[in-house]
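Next come two complexes, and both contain chain A; in the first it sits with chain B, in the second with chain C.
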Partner chain A sequence: MPLTGKVAVIDLTKGEITKTSIPEDLRRLYLGGRGLQAYLIYNYLKPRAETIGPDNVLVVSAGILTGSMAPAASRTQWGGKSPVTGAIASSNMGGYFGPELKFAGFEHLVIKGASKKPVYLWVHDGEIEVKDASHLWGKDTFETQQAIREELADEDIKVGCIGIAGENLVRLANFRTGPKDAAGRTGTGCIAGSKKLKAIAVRGRLGLRPAYPQKALEYAKEAIDKIMMTKVAKAMGVDGTSYIWNVTNSSGLLEWMNGQTNRFPFGDWHDMTIERFHEEYSTGIAACFNCTVHCRHQFRLKEGPLAGAFGEGPEYNTQTAFGTYGLNNWGDMLLGWHLANLYGIDTTGWCNAVRGVMELYQRGIIDKKVTGGLDLSWSNAKEITPKLMELTAKNKGIGAIIGRGPLGIISELSKYSDKVDYYIQHCKGLGKLGNVDRVQPSFSLGIATSTRGADHLRSRPALDHFNLPEQVLEKLYGGKVSSDYTSYDGKARMVRWHELTYAVVDCIGTCKFQTVFFSPNLPAYEEWSQYLLYNTAMEFTKEELFEIGERVYTLERMINLREAGHTRADDYPPERSFKEGHKYGLKPVRGKHLDRKKYEKMLDEYYELHGWDNKGVPTQETLKRLELDKEPSHIV
Partner chain B sequence: MQKVITVDYEKCTGCRLCETVCSLYNEGVINPELSRIKMIRWEWDGLQIPTLCQQCDVAACMAVCPKNAIYRDKQLGCLKIDYSKCIGCKLCMQYCPFGALTYNFEKNRVIKCELCGGDAMCVKYCETKALQFVDINVAAIPKKRDLAEKIRTEVSVSESP
Partner chain C sequence: MFKAISGRKQPRDRTLRCLNCFARMDIPQRAERYTCAKCNTEYEIGWRSGQAKILGLVNYYKD
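Moving on, here comes the complex of A and B:
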């Protein structure tokens, strides 16, 4: 595939658009997707820019192989400077938007400045037009997508857009596409809203030409056959990511009520299982572009204000987000999920914020005067969800506080107590999931060091749960790693390996679920080298790809250092993880919390492996080795 | 025996791999726009139906072609285009009742499903078997069985005391 995808820089203040090709030497350093995006953010973002304002950038990046014959190469990376955390904004989205962007001749869109009136971008076959979006302002994310298709008279147009949350500059707002997919985390929708950018519509008829068409075709089949042989592909194709829930729930690895307990406290947990979803709500299962695993659940709401509405994609993460603050059945969870999608709100971040605020209410730190009369008791979750979601989307009342995310909540509510910081659980300002991380040092280190803040998709070594033989682990990670998931031994190595590996995946543009994320038998470096060779004619060894991951991760670290001053102090899990153990679940889980001394040692090891100093700052030698010492180089 | 590509849209996940492999195998480019199989999607109902040439016995494309450029491959049972005769008038595209032909704007020629010489790529890569290349009579048997099952059940119900 001669790499023809261009970088377009769109200045919404001046209405100017420039298009540039990507030099091959830059490809060899950053590949594409998340890698080149980090490069573009570091180069185009005005240092220390306000996150809500024209100096921030919204960068949209398809992976180097997005739209190619590499299986499940559907992904698009969205980034800039996060209005939630003040550090890097970075979120990865599936669906059909990325391939269409590539077919239209573009790989990266750098959107800077801000428009005075609402606009949308119409990207098609090498052209980009800025079009009026006044008539779309105020529409939800489903209506917006369809309105643009009708206006441009083409049902095959793919649209990414914001909902009213983004318009109202809610920091937890996302940019999203189709009925399911979202660049959910770190406030990408808020950045777009501050630029008055309602949507990006893409349509491509240019296609992509693999360098070796026959080999690309044949190798894809070989890889697909291998992927579909795995147990996880089969489980995902039926239950989606929710196949995990029954296991984590029964093991005591889910945190309910903001981490106060690891045993389901809200009635009958059977109403939360994926089996119940299948029985009562499922209407089918769908796939993203070129994916044979198909893990996107489809459903129709049966009751409530939106009865009959069609939606897609509740995930394990939906259960752990909405479930853990008290929505104890699928009907309520799906309504919350669907509303968030219509408004364009990050479900993970929003539910984390709600959980935290509910615990403040439970402890009497805030009362009805602060909540605007809303009873935020856990038992009242069902009643308050639609109202709280609406208030968030409209940036009003308690919703305005929740919508700011962890740092905003802490700064707003700390006047009521000095314990607020303890109950709002986040890393680097990004809210954490409803998983128990504190019993598992690798998971804790991963969410804490993640460049975008608390999140599993930066490094989660799910393999740590598989109790694999240590010889297998040593071969995979290139050093000794304990197979006991509660151990600290070798876990710094494990986490760093996954950080770099997932960075490579996000550069390539395939789905993580078809990689070593879920199984050692799923594609990894060897397969990615082949995908790259047959599709682009570029040759990369495993070591070269790994080094690209290292470069990308370290550059993201530099962005955080420059923009938010992040160093060692920002690499810790929430304080609660060091202080409180859980009572229930499997024996190794019970009573466990993190040991500060061991954690510090693990962090030191982690920095050393990365080539960062003991404050977590990349050393000059590392920057030089990774050719980052000349950044920002302004080549593109 | 007449083998055809059957579509069971309820099994289709909408992944578009059929379009990708069709365009790459036949036109050398990954471009759903140049695929001979086309996914029609109702995104807000979560529904998609792949559409393609039905290889009609009484074929409008063949009948309307002023140059007799469309002919039947008797061995495969499909309709093919003889590009040495085709003048690119696109009448076949207009008269096909299914809109099953496509114009390749890069190569300036009409294209249609020719079953990839008997090893249809769309079928080969369709993981859920929403697409199958089967004898149409064999494909019809499950439906006959469904009908028979209905008769059997209803008769047994009505006859039970």
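Moving on, here comes the complex of A and C:
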């Protein structure tokens, strides 16, 4: 049987482990990965549980095809209830951990309760052991991975772990694996830390048996050939996701100084380009499991306290994040990135928090009494980065405030001004990216309605940047969508389509960057149906897969309604996006900000397409149609 | 089996879109600068494995 991966429920309070198979009817509803993760969170999380404590759950979910021959099927979902937002925690990680988890016979781990002393899980060939991790507590994420490999005498073991940020219950802490990969957003490392779970080590020799091996192999090869023919695959194979930076920076679609300007204000923009990285730091480029694109940069730090250290990454998003608050060269950005990786901190969330606090400092809302004597001027970014990162990881001083994320910062600092909420930019409590959203209604709607809060990986509808013929967009989205990225027309349809599509991708376990995310020529529903058929013998039509995406997205919405009490008010981008236009950039960008009336109309359309009422609550009819009226069903 | 929506057969390695007006720009081999014929936006051009790419705007800092 190709689908032999089990769900293991590990109760760290009682020390009990139960293993269960996944019924096929549940597969047909949720596939795996993010879908079954949402199901498991909804079923296992005690309603309204505290995010830091034994009642929260950490759910690790490999995609249904993770570890298979499907191209770039490397992904794992990490989630629970977010200590950053109070809503769903959900983060997707690449690398090699997920495939190894599958080879060890497991697809989902539900970790509940809390241990009294530090532990790690040793998952291997159908077995799970809870092992003492006292000797690992206090180690960084690189040391931890290596120490476990040495202890278990197997260099092929893959380890996911937290750093000291997770140990210290920093809400922006993440779960990491390898030199680069992270379940970065929504505080998965904090959930693990609160359970005294330092790491999960996996090693499997059970393999995966495709239903139709020859066809699976042939189709994978055909798909790879097509993927590698695209312009975007070639670009990614050299520049990684950073290939986007030059385009967004040229257009005026990057924000600096917390969104005060869209023109690089910290020196010469050439120093920030990927070309400069190639010249000065690149030592190679690597790939995640079964990926032919190879977009993971490799580098060595040249100077500073960590000179000589090897690292991988960063992605475009992190390059953008560190640049937005004043780091103006690769040496400083790579140091910040590497420190975050050692401590186990979400770089996107941390940089958002830092630039927000820096603007409060710039405006005199907070001073050195609040910052513990640190000068948080933009021009001082290089000096403060290592110190702020350390304070965050240790949960001390101003770092303890930053590490709580947007909601914690607002709660802590609003006593100094009623404007704090305006300058700390977030959606649903998750920090906004460094991209300009205010001129792109589709991007704004996407980050605002994203179930996990401000984030592009839930719905980023980048295709309206390519000026594709509108017939192409209509064919793709099933209705009229404007190809002008500043237009509101059809963008609710576009965002919803991407939300559901990326939910399907995350259920399958392949990389989003090898989907329609970047190009309409990359794999989509038809190809996924074939991958699923040849690898699992399960047949799905495009419509059935799309409905699974709808079910998963709606269930995540239900988790947010139950746990965080979200309403329509939580589906808006930061207020600044409605009030301030940018001075610079190309003509389509200059002076534009969101129009509230048009945004409201777009949001109404979006709810209607989803089958939710005008407060964003799924209707009974929708729940019934998607068979969500039976949840929580406790089938597994 | 594997269908491309746009139906395009070959990638256009030297063709870029103007970021301002979206006109196609056919970049001469190894050119380091190029001005969009339609809107006059001037770009710094780089090359990646034979593919042209936009590095930035020549007049990035000009108001």
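Things worth noting here:
Here is the rule we use: the second predicted complex is superposed on the first by the 635 of 636 C-alpha atoms of A that agree within 3 Å, B and C clash if a C-alpha of one lies under 4 Å from a C-alpha of the other, contacts with A are read in each partner's own complex, and residues count from 1 in each chain.
Here, contacts are C-beta pairs under 8 Å (C-beta built on N, C-alpha and C of every residue); 3 or more make two chains touch, one makes a residue touch a chain.
Remember, predicted model here, so these are calculated numbers, not experimental data.
Per the definitions stated earlier, placing chain B and chain C onto a shared chain A by superposition produces no clash, and the two fit side by side.
After overlaying the two complexes on the shared chain, residue contacts for A:Gln298 are found with chain B alone; chain C is out of touch. Of the two partner chains, chain C is the only one touched by A:Asn521; chain B is not. Looking at the shared chain after the overlay, A:Glu275 reaches chain C, while chain B stays out of its contact range.
Look at A:Gly178: by the touch rule set out above, it reaches chain B but stays clear of chain C.
Judged by the touch definition given at the top, the superposed model places A:Arg205 against chain B, while chain C stays out of reach.
When the two structures are aligned on the shared chain, A:Ile224 is found in touch with chain B, with no touch to chain C.
In the superposition on chain A, no contact is made by A:Ile635 with either chain B or chain C. Chain B and chain C never share a C-alpha pair closer than 13 Å once the two structures are laid over each other.
Common to the chain B-facing and chain C-facing surfaces of chain A is no residue whatsoever. By the touch criterion stated above, chain A contacts chain C in their complex at residues 219, 222-223, 226, 229-231, 234-235, 237-239, 243, 246-247, 249-251, 263-264, 269-270, 273, 275, 466-468, 472, 475-476, 520-521, 523, 526-527, 530, 584, 586-588. Residues 1-6, 8, 10-13, 17, 19-20, 22, 41, 43, 46, 48-49, 51, 53-57, 60-61, 63 of chain C are the ones that touch chain A when the two sit in their complex. Looking at the complex, you find that chain B touches chain A at residues 10, 13-17, 20-21, 23-25, 28-34, 41, 43-46, 105, 121, 124-125, 127-128.
Across the complex, chain B is touched by residues 67-69, 96, 103, 142, 145-146, 155-156, 178-179, 204-210, 213, 216-217, 220-221, 224, 228, 283-292, 294, 296, 298, 310, 312 of chain A.
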